[in-house]
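Next, two complexes with subunit A in common: one pairs it with subunit B, the other with subunit C.
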Partner chain A sequence: MSFLQRLFRTRTKHADITICGLDDAGKTTILRFLETGEFVDTTPTMGVNRETLHLPNLQVNVFDLAGQEDFRNMWHNINEKSDGIVFVIDRSNVMRFDEAKEVFEQTIHAQLDQDLIILILLNKSDEPNVIEKSLFIEEFNLLDLPFKWAVFETSAKTGDGIFNSFKWFVDEFIG
Partner chain B sequence: MMMVDLSLIEPASFFIIVSSVINMAFSLALVITLLVNFFRKKTVGTFMLLSSYFLFSLTSAFSIAYRISLIYNEGVMTDTIYQMGSLTPMIILPAFAFLYFFGCRHILKDNEIVKTYLFAIIMVIYGLITAVIAYDNIYTNSLFSEPTYITNDVFTISYTWPILVAQIVISIFVTSRIGIRALRLARKSDQPIRKRGLQTIGIGVFLYLLAGLLSAFDSSISNLPALMITVSAFRALAYATAYVTMYLGWVMPAWYRKMIRKKSWFEMQYQQLQKR
Partner chain C sequence: MKPLSLCLVNMGTRGLELVKSFPDVIPSDSMNQLVYKTIPMGSNPGDFASTTFNNLNLTSFIFRIPSAENRDNLASLVAVFNTSNYDANSIKQVFSWVVAELEKKDLLATHTLEEILPKLYKGFNKGQFKIEITSTSTIKFDFPKQGNDKNGNAIDALSDDLWD
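Right, the complex of A and B next:
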């Protein structure tokens, strides 16, 4: 790395990211896992949970939104300002895929920022009978998505995939 | 006009002045940061704390002015100087009242009845002291003229014993209660920032009490310059550290919070990865 590059790299960047997804998908559980490194019991979110991650050269403000239907119309206020979106899906709940897809599309289409980065988490991977990743990508038409995205399989219960997915995400911001 | 024997107060006075200047510099710094905070937050609590420390730094200012003008006047006690010396006890009690009410908002859990009674007691004592000082200022002019008692600071001793005792009791009562309660709350709290903030407040308040007691002590030994100078030095040190600690505890500047904040799991994992 050249001296000049290193000089510019030392400046701390800021990124705002929001965690969206249906209620009961495990958004808050994932946020708590990032904080504590273990599974923590949660209650349905009524407002917004906010956490800040201080990484070398990057400060990430994480907003965990409430997924219940009544709260969803408030998402765009926070999403508008965010640089990245984490969309969490309960991959064990086949019954709600259509609803999740609809909400996902609404969320994505409301975004104007071309540089938006999207992290999709197929959560609750520890459960039996979960949707396959490849099938999911197809079902959600992710290949047509005009943004940078990635899908990870996670479990906020065992912690699988949590670090790797968020590492990919923050590395995208550090560039 | 009455004369004060300068040879008695001069050598020690210099050190007390220096120590008071240090004290005032640190307290003013705290007042200014609280003022900045107040303009940002505009909370009643910050205002009370601000008022309290403003009055405390005012007492140091009076103490310095009193000593300097006395030396400048070659020991001649004028009415103005005399009144300057008698102002300190008038300021300290309201300062502690503000501190107490601030404590009630955030740390103490006194109910309305206790608060009202305590406030009434403080006001009665304040009224009595005011009456004594006013009477003295008008008729006798003798309370504050004893050179051995000329030390004005937060716990100044330059007046008769009842006034002094009332002051010491109230200050110990208010500060130690806030201190103890803050430390106790800190032990119960499991939120790292709040915990450390309360601990810092507790330590700062006790350091402040210690500094105040040292002031009371150094005036009673003003005939022993060497000891007095040592005590003055310790007092200056105690005030300085107390003000810095209280600043950290009450204001909790961003860098201090950042220092306390426990790193999250993700942050630690991420850092470990980078090190490798």
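Right, the complex of A and C next:
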């Protein structure tokens, strides 16, 4: 093995991340966009999808979790072993904001690792009548979060914001 | 090949749920377990599953139900037996064929599957079925005989010939 190969190998980090959020928020569609670079129609996730993304200097194991109520009990088992959490919110579905907030708070409060990185995606930005980012930050009390976090506006249909948001996430892991 | 019951399961707002079983003979305790065994964790459309529990044996076909307004849903057609002595491959062929035929005719919908489930069940018992889905669409199927090596070819040929 050459020096460069050994150097590259030692610099490759591994990270486990989970993608959470209510059902139909767009979690799997975002993951598919990351993999293929285009919008892919999906069906509801049955429990969990596990994918591995091979990025320069970082291998990311992604656990894409089903958002239906019956599956949320298993989230914390996977989340507590994660280095980072991606929480996806359908910003066009005002009717489910309270439910999303409750689930978000439960997810955050169950975390033990203070070094956890949290990426929040306001997805479906291509839809009309979406919640404003500043209002969302206020409503979800993000300024009080004891973790490193960022909010990005995304659309898994058009791809807007997807790569930028994950670039931030990956940069945080690589340091 | 007489199943105890045929079931249709899909993903609801809380999780997997039974849409319909025919005949409705499976105890509710077993049914609660059954729905989650028909679409195992990590399953995707096109997958098959077979398992045994509570002295019941089942084979399911997992597929996508298209939707024009919302996203497509995940569902399964399930044959439940009280014996392990059945031909799971024939079940797979029949279910995948029915779903493919409905999809080809743009008729793959939960309510259509609910409607044809009793006729499908009777067809399993008779070894053939003929189902009128609409006034202009009928599907007709003869089950391959067990041990017939040409099952696959026979089914391919039927899909071309049996639309009325």
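Keep in mind that, in the parts below, the second predicted complex is superposed on the first by the 165 of 175 C-alpha atoms of A that agree within 3 Å, B and C clash if a C-alpha of one lies under 4 Å from a C-alpha of the other, contacts with A are read in each partner's own complex, and residues count from 1 in each chain.
Operating definition for what follows: contacts are C-beta pairs under 8 Å (C-beta built on N, C-alpha and C of every residue); 3 or more make two chains touch, one makes a residue touch a chain.
Remember, predicted model here, so these are calculated numbers, not experimental data.
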{"item": "Room on subunit A for both subunit B and subunit C (clash or fit)", "value": "fit"}
{"item": "Which of subunit B and subunit C A:Arg50 touches, first, second, both or neither", "value": "second"}
{"item": "Touching partner for A:Phe33 - first (subunit B), second (subunit C), both, neither", "value": "first"}
{"item": "Which of subunit B and subunit C A:Asp41 touches, first, second, both or neither", "value": "second"}
{"item": "C-alpha centroid angle, subunit C to subunit B via subunit A, nearest 10°", "value": "60"}
{"item": "Subunit B versus subunit C as contact partner of A:Trp168, first or second or both or neither", "value": "neither"}
{"item": "Minimum distance between Cα atoms of subunit B and subunit C in the superposition (Å)", "value": "6"}
{"item": "Touching both subunit C and subunit B, counted on subunit A across the two superposed complexes", "value": "none"}
{"item": "Of all residues in subunit A, those that touch subunit C in their complex", "value": "23-24, 41-44, 46-50, 66, 68-71"}
{"item": "Contacting residues of subunit B [partner subunit A, same complex]", "value": "258, 261, 263-271, 273-274"}
{"item": "Residues on subunit C engaged by subunit A in the complex (per definition of touch)", "value": "11-16, 39-45, 64, 70-74"}
{"item": "Contact footprint of subunit B on subunit A as seen in their complex", "value": "33-38, 51, 53-56, 163, 166-167, 170"}
